[in-house]
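Two complexes come next, and they have one chain in common, chain A, joined by chain B in the first and chain C in the second.
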Partner chain A sequence: MIAYIVRRVLYVIPIALGVSVIIFGLVHIAPGDPLNAVVPPDAPKETVELLIKAYGFDKPLPVQYLIWLGKALEGDFGISYATGRTVSDAIAGGVVNTLILAVGGILIGTIMGCSIGALAGYFQGSWIDKLATGFAIAGVSVPHYWLGLVLVIIFSVELSVLPAMGMGPGGSTSWVWDVEHFKHLILPVITLSVIPIGIITRSVRATIAEILTMEFIQTLEAKGLKKGRVFIHVAMNAAPTVLAVSGLQIGYLLGGSILVETVFSWPGTGFLLNDAIFRRDIPLLQGVILVLAMFFVVLNLLVDIAQSLIDPRMNRS
Partner chain B sequence: MKKNFGRRGRWALFVSTIALSAMLVIAPQATKVQAQGTLKVGMTLADIPVSFGQPDQGFEGFRFMGLMLYDALINWDMSQGDKPSGLIPGLAESWSVDPSDKTKWTFNLRKNVKFHDGSTFNADAVIFNFDKLLDKNSPQFSARQGSLVNFRIPSIKSYKKIDDYTVEFTTHKPDSFVPYQLCYILMASPTQWEKTGKDWNIFAKTPSGTGPWKLETLVPREKAEFVPFKGHWDATRVPKLDKVITIPIPDPNARTAALLSGQVDWIEAPAPDAIPRIKSKGFKIVANAYPHVWSWHLSRVEGSPWNDIRVRKAANLAVDREGIKALLGGYAVPASGHVTPQDPWYGSPSFKIKYDPEAAKSLLKEAGFSKANPVKIKAMISASGSGQMLPLPMNEYIQQNLAEVGIKVDFEVTEWNALIDLWRAGAKSPQAKGSHVINVSYTTQDPYSSFTRFLRSDLHAPKGVNWGFYNDPKMDDLLNAASAAFDPAERDAVLAKVHAREVDDAAFLWVVHDVAPRAMAQKVKGYVQAKNWFQSLTSAYIE
Partner chain C sequence: MSTPSSNTAENLDSGQIIAESPSYWSSVRSNLRNDPVTVTFALILLMLLLSAIFADFIAPLDPYKTSMIKRLKPVGTEGFLLGTDELGRDMLTRLIYGGRLSLLMGITPVVAALFFGGLLGLTAGFIGGKVNMSIMRVMDVFYAFPSVLLAIAISGALGAGIFNAIISLTIVFIPPIARVTESVTTQIRALDYVEAARASGANSLTIIRVHIISNVAGPVFVYSTSLISVSIILSSGLSFLGLGTEPPQPEWGLMLNTLRQSIYVNPYVAALPGVMIFLTSLSFNMMSDGLRSAMDIKL
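This part shows the complex of A and B:
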């Protein structure tokens, strides 16, 4: 097992390097001059040329990449072209805020998804199953952006029971564990959890339905085990699948909350990324994408390891 | 047993969390408590503008950071909304050009002006701030700040202190537009810069200017809090509010929701289709024409169909501007030129721009075109962008209008930042791919931005932003005469001739002027929307 873990960790290195090359390449081939983040549209050519040199855009792309990578390895993602503020600080703040959303979203997603999925799996073909399947399809189909707006219109504008935007009262600041901040969390977390609920429901339903047809279940029932005890066995067998799906969903939620964060003006990485894209703020863009991609890589690693630990049948060697 | 208890505990935690969430949703929200005199503004920006002196993020950066914290030697008059906003004395009480050498300007500085940190404003502070932008060898030189504003002061050659309250500027050649250039240079405190370790990024956390507001808190991307500077040199500009909080909310729907739910008191640029709903909820919309024009910039390079004045005039007569105004919820002014008829630079053009499709058809027929044999135009437009209003529906509306008279338009839709690159490159560049139009809306706040940069032949792209390669020696003469006219009345008269000539030549396809609608709660009182890109919050208060 230790050898497997070491090998998996070592695999992360070429994956991370590959990801960094792709990120750097994509950011640089995107249309639009990166200096648009720095200079006004009608700045004279001389100013633009001066800044091209100052920011190192006159160097060949591979050289720019190596300089960036060298600094990134030390945790230095540079200075935002647009604001002059440190990219690492911006990312650190954004990641924490996004994690709050993502963890909330995945908690609700996993709990609801597992519950609904298990019910549907157990009562396959019944109206419960049809209702759950319909709910799951709606969950994966509904656009985040639209759902967020609808929730805001209902709960913020019409009923005035929950805030429409921000992370806390009086213009959002960093997270504080109090009721006011919790209220700001509810709508974005619900919006964000809808897709994981749908996906996890479908996966759990299919897995449970499959497990229930297996011979060992009949054996357990024949041995006279109560339904509750049988369920524990079913759940244990379904756990690796649930874990894999939930792990991937956290990754998606970390990177994919850009629309939700924009709708709710939640100051996380999605909001940061949105700003960086529209302002062509290359250091910020590269830094955020790299950190999010690395989250994904690390999450996959953790899920793989956790799956091996839970299910000894998985021969990872 | 222990394991089972843990599972139950987790279940209990889950149930309590759900129950608590439900209670919070169902329970009526506690009375919205708002500090008296605190105004919360939802900006369209995605981030708080930089606070170290010269702001970023264009004119909204000036509006919600630069001109709140700082003053310039010359300020904009934002105290009234009835007539176009002009220049007024700021940190300079007066200024004059040397009659014998019109490249020399003397500025007499205001005495007894204090920065927020208590230090005194004087000629040394002026020199310090210009060195910051222009002298690469000065310790306070900031390439970043220079890049944000140096393009606005192309005439300044040198500057020097005459005495503690007198500064002299020298220009490359006589240029009466100098006051319009210097009004963008904001004065930051040299003493505070010293105190903050001579680092502009640290200075930005506790900035010090002479403006009516002091920065109390700045959380990037989240909020900026401003409190009044009671020691401001102009007693009429000491803010009435206790505090202003600016919050970046780039998404228009989120801004509207934030206003309707009472999280902010004021939003910039509500979406036109949300305005009826905002009004129905008891909020007010404040709007006023300001120096802005939404137009099509026409290519005049060889082979462009716009080289025929009949086609240019036909296009200007084919657009139903009232229809576009209705599309914008009534929040626009139909354009009959680059500036509005109320502007002193409007003049008396003989070509009357109006909706007259029959006249447009006749002109096109004369030029050899018809609906069956249309003029073919390729236009570069964006889907969004600063000052662009609603570019897609507006452009589609125009496309339909033009098609009805015999001008067939194909769009090349480009992302806003990419469009800016194409604009800089010019109509002759390979990137333009033979496009005949670029749709970038413009400020008409000062003579250079309004006319010179688009019409003078020595500013053809990429040297300047004369994108369409407009070339008219008589126009060059007029523009040069305007910058050489030092009497304001005489200068305005020449600029009126520039504008009349431009309209008579149908140099652009002019569509509408924006009126910058802002939505705010009824409790916001005292605010006067100036006919300016910049606005002052000093007169506003919460009732």
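This part shows the complex of A and C:
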């Protein structure tokens, strides 16, 4: 068990390095000089040379990469070209706001997905199953940015009961536990939860259906165990799968929330990313992507370790 | 070649055997025939494809013709069945034309990724050992990104444009296709009949061509059709962010983006392009699910 965990933790290192190389490389596939974003075209030559030195663009690429990596490891992603603020400050605020959405989305997604999936798995072939399966396929097929727009049309435009954009009154950018902020949270969280609901429903349904065909269930029933108690055994056996699927979905939500954040003007990482792309703010772009990708890598690790703790059979692979 | 008469005789002869043990493909066909839902969605897809190809003949008006006085007409306006957009262009026309770019940008990356990812997966699975290790570990690195993030990161770095969006989505879909191809290839390579072919002197290329590809193609193809559904949503999503097509080209994601400002004026017209994205993506998913169960594929 411990050997597995150590091996799994060590495997993160090459993956994380690979990820950092890709992110660093992104700047160099970008057309045009990254300095174009900071320097006006008519800047004097000396200024340009000074800036090239200041940003380290005069050094060979591998050296630039190592310097960038070393600083990134210390949490220093450089200075945003567009705002002049440090990138880490901007990301710190954004990540918290995005996490609020992602955690909300995964909570609803897991609760709904497990209930619908379990119902469908228990009543295979019934109308409940057909409805649930159809709902799940619709959930994974829906363009969530459009769904967000439809929710805004229904609840903000037609019924005017919920706010259409922002995180709180007066362009608030940090979370406060009050009714107003909570109202702003409802639509984006529902929008974000639809894909995990679909995915979790499908995998819970398949898992439960498979468990129900196993012999130990017959044994338990033959022993005269009540239906409720049998269900506990089924649920325990389905838990590792649910954990793995939901855990990874948090990561997908962190990355996927950019579109939803754009629809709702939510001040999270997606919003930052959008800003970084259109202002060609390379340090901000690299920083946001690196932080989100590392979140995903660590999440993968945690899910694997948690799974091996719950279900020791996993260690073999 | 056999003469027609002997051909019929052969058919009659084998007919009884077929009736008792239907071949794989005829059972797939009969499975599909008994699955009206899959057939319905396949027909919807066919209609979407045909209307995009023959847009010039079907669309009632010019997709680029603007009109300042006919802006944002509601659904059902005379002469504009589905209303008009923020520049007074006919929505129905633009939705029909929009299928061209949306389908192109959704399907092309998966086809390209099928080629490159399939090649990588076949190589890794067939050769195994160190080659497998190095190819699959590189794929693992790309797996460390959530797909939406990777697509946006690459498109964001490359800049807006249809070609760049297609490239970034191709890169996103290569790792999953390579992974599925590799795992199926590894399974098949270990089967007895491949060993038998090798023992009887077939060289590697022949084995790959005759024995491996024919067995890998089905599962990988079905898996890819489900990726098209994701690809349609992502490519329209890139356009929605301003990273795909550029105005005034008709494309569903971009139309959704430009009509967003009009949701307070004419909400239902503004939501229409999303309905098309949803319908297309849903149809690909339903077809993929139907094919998967008809072909009895477990991935």
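Note that in this section the second predicted complex is superposed on the first by the 292 of 317 C-alpha atoms of A that agree within 3 Å, B and C clash if a C-alpha of one lies under 4 Å from a C-alpha of the other, contacts with A are read in each partner's own complex, and residues count from 1 in each chain.
Methods note: a residue touches a chain if its C-beta (ideal position, glycine included) is under 8 Å from a C-beta of that chain, and two chains touch if they have at least 3 such contacts.
Please read these numbers as outputs of a predicted model, since none were measured by experiment.
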Touching A:155, do we find chain B (first), chain C (second), both, or neither? first
In the overlaid three-chain picture, which partner chain does A:67 touch, first (chain B) or second (chain C), both, or neither? neither
Touching partner for A:278 - first (chain B), second (chain C), both, neither: both
For A:186, is the partner it touches chain B (first), chain C (second), both, or none of the two (neither)? first
Looking at A:292, would you say it contacts chain B, chain C, both, or neither? Reply first, second, both or neither. second
A:262 in the overlay: touching chain B, chain C, both, or neither? Say first, second, both or neither. both
Of the partners chain B and chain C, which touch A:6 in the superposed model: first, second, both, neither? neither
Doubly contacted residues of chain A, that is, touched by chain B and again by chain C: 31, 149, 152-153, 157, 262-263, 274, 278
What residues on chain C touch chain A, complex-wise? 137-138, 140-142, 144-150, 152-154, 156-159, 229, 233, 236-237, 240-243, 256, 260, 263-264, 267-268, 270-271, 273-275, 277-278, 281-282, 284-286, 289
So, in the complex, the side of chain A touching chain C is made of residues 14-16, 18-19, 22-23, 26-27, 29-31, 137-138, 140-147, 149-150, 152-153, 157-158, 251-252, 254-256, 258-259, 262-263, 273-274, 276-278, 285, 289, 292-293, 296-297, 300
Can you tell me which positions in chain A touch chain B when the two form their complex? 31-33, 36, 38-45, 47, 50-51, 54, 82-85, 90, 93, 111, 149, 152-153, 155-157, 160-167, 170-174, 179, 182-183, 186, 262-265, 267, 271-272, 274-275, 278-280
Once bound in the complex, which stretches of chain B touch chain A? 14, 20-21, 24-29, 40, 46-47, 50, 52, 56, 58, 143-144, 146-148, 150-151, 154, 200-201, 204, 219-223, 225, 245, 247-251, 253-254, 257-258, 260-263, 281, 414-418, 420-421, 423-424, 440, 453, 462-465
